[in-house]
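Two complexes, one shared chain (chain A), two partners (chain B, chain C).
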Partner chain A sequence: MSENRVPEEIQENAAHEAAKLGIGTDEWVAQHEERTARKKGLKGVPQFIDESIPAWARWVVLLAAAFAFGAFVDNQYLLRIGVNLGLFVMLSYGLNIVMGYAGLLDLGYVAFYGIGAYGYALMSSEQLGHHWSTWLSVLIIIIGTALLGYIVSLPARRLFGDYLAIVTLFFGQVFVQLVLASDNITFPWADDYVDITAGANGIPGIDPFSFFGHKFLNIRDYYWLLLVLVALLTITISRINRTRIGRAWRTIREDALAAESMGVMVNRLKTMAFVTGAAIAGLAGAIFAAMQSAVFVSGFDMPLMTMIYAAVILGGSGSLAGAVMGAIVMSVLPEVLRVTNYSEILFLAVLVLTLAAVGKSVKRFTINIVSIALIGFAVKILLGFASIKITPTEEWVVGPVSRALSHWMYVPLDRVLWGNCAFVILIVLIAYFTTTTPRIKTILLPIIGYLGIFLWEVRLVTDVNTTRQLLIGAMLVVLMITRPQGFLGKPRVEVL
Partner chain B sequence: MSEKKPLLEISNIDTYYGVIHILQQVNLRVDEGELVCLLGGNACGKSTTLKTILGMVKPKVGKIMFAGEDVTHQNTPARVKLGMAVVPENRRLFGPMTVLENLKIGAYVRGEAAQEDLERVYDLFPKLKERSSQLAGTLSGGEQQMVAVGRALMSHPRLILMDEPSMGLAPKLVEQSFEMIANLHSQGVSMLIVEQNANMALSVADRGYVLQTGRIVLEGEAKELAGHEELRRAYLGR
Partner chain C sequence: MSYLGQQLVNGLTLGGVYALIALGYTLVYGVLQILNFAHGDVYMVGAFIGFFVMVGLGGPLAPSVPVAIMVLIMFLVAMLGTGLLGIVIERFAYRPLRNSTRIAPLISALGVSILLQNAALLLFSANIRTYDTSSYIPSTLGFSFADITIDGVRLFVLVLSIALMFGLARWVNTTQVGRAMRAIAYDRDAAVMMGIDVDKVIRWTFFVSAALAGAAGVMNGLLLRGVSNGMGLVPGLKGFTAAVIGGIGSIPGAMLGGLLLGVVESLAQGYLSTNFSDTITFALLIVVMLLKPNGLLGKRAIVKA
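This part shows the complex of A and B:
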């Protein structure tokens, strides 16, 4: 055979290589242990958590914590965060089936949540004058959203990836527009218009849940309900994932064509994923409406959709524990960041950690910190000479961290102008940083660090909401670069 | 070969991709327990033939009989259920899933995978047992080939369709791969092998077909074909 006629030298070399690697293994496989060995330092932490604690123990700890939270916390605000977290976990679970397992990019997912919420609102408020029993309305919602999920899955049979994303995005927007427009509908057989959804005004005065004569008047009731539901869902979904259905879902995600040639009924399984996800989201929506006692369509639009996607991707697409973790980060972190004091500490902690990660050695790290301090003093002196008006210290200090920085930081009077300039320069510098040589990087790093702190104290502290979004966005970008599979996700392995 | 029972019989198949006429009047037969190879150069319609047999592509004209049933209008899962199994080109394993999961997917049409089926595959490829919890994408090419064949065997197939079993493998592994094919054949498994490596394929096959620009131009016993002057010039490089 012609391919076998290889020069002897190469053959010898190959034999040598083979002896080193072991017969039947190639380099990639030989390095398997090395690649999966625990990474040192910060990068190894998620892996360490993943490997050293068995899955059931993690769930037990989580459940115990959630139980203790419900039993001992009395603060209404905290309980509300807990309930929001529960809803978020349910939504992440549902999306994890559709997107994480079956790999279907469903951008209209949040509409099912909205339909569940509006469905419950219409069946249990003065809007249409219905006050049906909770059992009945929840049952109708689950079946109804499942049916809608089936309908939405029909185009998914022929579409994949970004094409499916466009179609489902359209579905999500149709829901929003339909709710907005349904406050003024004149049916052909009627003379007067009817108001079904109250449009942008939302529906207030929704009845709380009521089971066996027990009305859910306390927010804690919803917390317990959600805890039970999430626990049940966790068990059920992880069970399903281990059956042939779960395996088949994942094969569709990996390679639908190959899955089909193995006899997997791709279309039926896609539909099943859609239906399950939709029903879970619909149920979560009903609970949300009952808990909140009012619904507004703006709450079921793209911003929430991105948050749910972020939670699933952050935690690790295809992992239930990851979905919980992502939900915790995405629902609790914004609340923490609402308080300027905390967000300030968090911001500086992230900055210092980043410097530590980039600097690699203690010496580098120290040099960077000292350089940032020196730049700060230099700026203060230079701008002091230029006699630019400054903001009085009392006006910009918001917490212990900024108090500590108050003698070092230079805060000009026109905070918006200077802040915006600093923002643009910072972005440009970061973009340049990623492409330049190591030498220039060393010089740039302290400047970027200083500009970050400057931007924070001058501009971002004044605008909490924007800051929250920016911080979460930055965190996602950093995580996706350092750990593309998410916290607890399996690393992607490509065949070939 | 006293009694020949046709397992797969495709007659007068015409397959189009849009307006492009790919397969023209293709006739092909695989008997029970037979190893047939389908040879041909690049872009002559080998893979399309396989896809048509499997139902991934529907022929415009023609008839496909499998295991005594007309499957021309059935979809792929139905045909797999009837007993076709495929070892796809480039193996197409599910990379981020474990070897065990990949094998179990092979038994999808039969329900949950039975332990004895797994044992049968492990007997054939002991290496896979060691590697059962490893992610399929991290295996070497030869091991991936074993998983792909094992996956196909999991469904108790009556006919295994193999698309380019030599592709992307080192010469040594190509030989191993064909040894494995010969071994399976000796156990009575019927196979249709689509292959560019005519030499290797003819060395293990009972019969062969040669495809050229969508038409069957030659067919016959493997030994005859291997000695065929024209074929030797065209494909065997001698």
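This part shows the complex of A and C:
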């Protein structure tokens, strides 16, 4: 019997026991070797990829793919996805420096992005009547956000961990509230009010970038600009990471006190991390504003913040490749979900993979699939006897997959109500599933699978944004529990 | 003078609600040192439960039971429901992470927050609902005192929030679970060695903390604010601000911070600018954090790293 199979339950018990004992730290350190050992099955795949392909090869392949995308794709929509991905990668890089390398929990990071975007908007639109040259405004933005990053880094000298997270979180909120409120500023000496940011209405009609007389009218221009920038940033950041500064950042992350006693200039390095991250985000913001030609403050609030954090953490904080991977997942996947046809296929693929991972053997896997199919027919027959009205196929069908499924699955007329019921039951079952005995698990698994398909087809497939957010939320929780270091991150022992 | 008095009364009512949310943050932080970012969304769920209980009892226009009993049931069911939700959140999102890195529970909490918000969006749609309080608690109810009027709902919310705070203080100070909770907050390892069932105490902590948030949610609904899936964010942040101003981990601190924040906010709205009141609140927090990182009543944390 292999080491990794049985002990799941025992391990769980042991972990539970350890938590009960409360001396987790020692146990943790003791188990370190075992935990870093190569995992078998699906869990070992990320590690296998990480170890078997050299880093430079991965980057070259990525760069070639990105180059080919820019050169051969003509579809505006696809190019826009590419540009969004580029911006996302820049943001992830910046956050990766602040949080991944230096270990500073900056929950107001997205505000720098917003400041960059609004700064560019104010300097190049009719809002204040300025149309400054791109060179000048971009330069001002980079310097300005860097300065702001310096100011925000000042509290970081005094505050640790959670407290820093709090202060930066409120910095982000202050930015949002200020922009919202600055459409109507009255001064005691003036009768009229002053409108700076247009509040929640946003600023439209922003000039595109213009370098050496070449106006960036095509979205492809932005794509090339971002590709060059991301490539430069990748090289620069990975080289900085290998210098004294990079090493010092990581020392601070691991143990600031020890770093300081070793002569690392902790405060100066924290400031450097903040300033670099802020400047990168500011630049990305300016590009975003110019590309989008309109900015709205709601786009720079907590939802985007969680997306960027999710990207960095998913990929593995402290790893540039991880940041790219996280950015791809977080910015391209939602677009895939938008096309119902793809999203159905994607969902079924994920479901089958999950079943394969949970089932562990081919036999189990087959049993599960067959049981799900049987449940589907049984439900259809039973509810058919109860003669509950169903949705006509042609009204419901959203793609070839659901057309095929419509012969098998029961689709009630009131899809919202039934979908909601299925949602609640599914959540309860999944919660129960994670705590129960293996025997009940085998019974529950097909039911959960069926309910999942039912819910997806009846309700989620048409409600893209909610679905995307639900998936991100669930993913964050599950990822933290199963692989807190992210897919490409290295597990490390934390000194508390 | 009467204007000032009126603003103070409004501020105290608001502060009572903030204090209840702040207590939830503080209780959890005291025991687990986790910033429970999903707390604002638990508050949102509480408001929704209250709303649906009200609808279930016949709706605001034709309640099938006396109004007092209806409001009581709304509070009880909402508190019970959110309390159970708190236990579930702890069991699935925080317990597996108890020996994990420092950042893991924070991210997991963000995940729970997104999940709750979007589950509510999916189940209840994006419509904003109102409790329509004025149709069953007449606004003429209440009393005036030297030009200051307190209408019935505000008075009720103020009294109830103070009663809940006292109840909590009693619970923490006198019951066995409360004592165990303080012991764990003081030194978890030592508490374990004294035979305290940590899991049980943490469950209770989450139950109480979430139930307080649920009560605050219903109060918010009664004070005639809209109930929607995104309503938890700003009050959650405010309650959190209150907890931090008072000193996170300190129970009297959370109460003080909540009331203070409510008063400051309502004074800022009354005298400075309605637009900038949130900015002022958040800026106040940053200043407090910089001058007194442990809050007004927080004890000085011993930081090793």
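Please note the rule applied: the second predicted complex is superposed on the first by the 434 of 496 C-alpha atoms of A that agree within 3 Å, B and C clash if a C-alpha of one lies under 4 Å from a C-alpha of the other, contacts with A are read in each partner's own complex, and residues count from 1 in each chain.
Note that in this section contacts are C-beta pairs under 8 Å (C-beta built on N, C-alpha and C of every residue); 3 or more make two chains touch, one makes a residue touch a chain.
Predicted, not measured: the structure shown is a model, and the values here were computed from it.
**Q** Looking at the overlay, what does A:Phe423 touch: chain B (first), chain C (second), both, or neither?
**A** A:Phe423: touches chain C, not chain B.
**Q** Touching A:Val264, do we find chain B (first), chain C (second), both, or neither?
**A** The first partner, chain B, only.
**Q** Between chain B and chain C, point out the one touching more chain A residues.
**A** Tallying touched residues of chain A, the top partner is C.
**Q** Given the touch rule stated above, what does A:Ser361 touch, chain B (first), chain C (second), both, or neither?
**A** Touch partners of A:Ser361: none, neither chain B nor chain C.
**Q** In the overlay, answer first, second, both or neither for which of chain B and chain C A:Asp255 touches.
**A** both
**Q** Considering only the touch criterion stated at the top, classify A:Asn184 as touching first (chain B), second (chain C), both, or neither.
**A** The second partner, chain C, only.
**Q** Of the partners chain B and chain C, which touch A:Ser52 in the superposed model: first, second, both, neither?
**A** In the superposition, A:Ser52 touches no partner, neither chain B nor chain C.
**Q** Taking the superposition as given, does A:Asn75 touch the first partner, chain B, the second, chain C, both, or neither?
**A** Neither chain B nor chain C is touched by A:Asn75.
**Q** Residue by residue on chain A, keep only those touching chain B in one complex and chain C in the other, then list them.
**A** On chain A, the overlap between the chain B and chain C contacts is residues 24-25, 28, 255, 257-258, 494-496.
**Q** Of all residues in chain B, which touch chain A in the complex?
**A** It is residues 54, 56, 76-77, 80-81, 86, 88, 90-97, 101, 104-106, 108-109, 111-113, 127, 134-144, 151, 155, 168, 171, 174, 199-200, 237 of chain B that touch chain A.
**Q** For chain C, which residues count as touching chain A in their complex?
**A** 33, 35, 88, 91-93, 95-108, 110-119, 121-123, 188-189, 191-192, 198-199, 233, 237, 240-241, 244, 273, 275-276, 278-279, 282-283, 285-286, 289-290, 293, 303-305
**Q** Show which residues of chain A lie in contact with chain B when the two form their complex.
**A** 1-4, 24-26, 28-29, 32, 243-244, 247-248, 250-251, 254-255, 257-265, 490-496
**Q** Quick one: in the complex, what on chain A touches chain C?
**A** Answer in residue numbers: 15, 18-25, 27-28, 105, 155, 158-163, 165-167, 169-171, 173-174, 177-178, 180-181, 184-185, 255-258, 302, 306, 309, 313, 317, 420, 423-424, 427, 431, 434-435, 459-460, 463, 466, 469-470, 472-477, 479-481, 484, 494-496.
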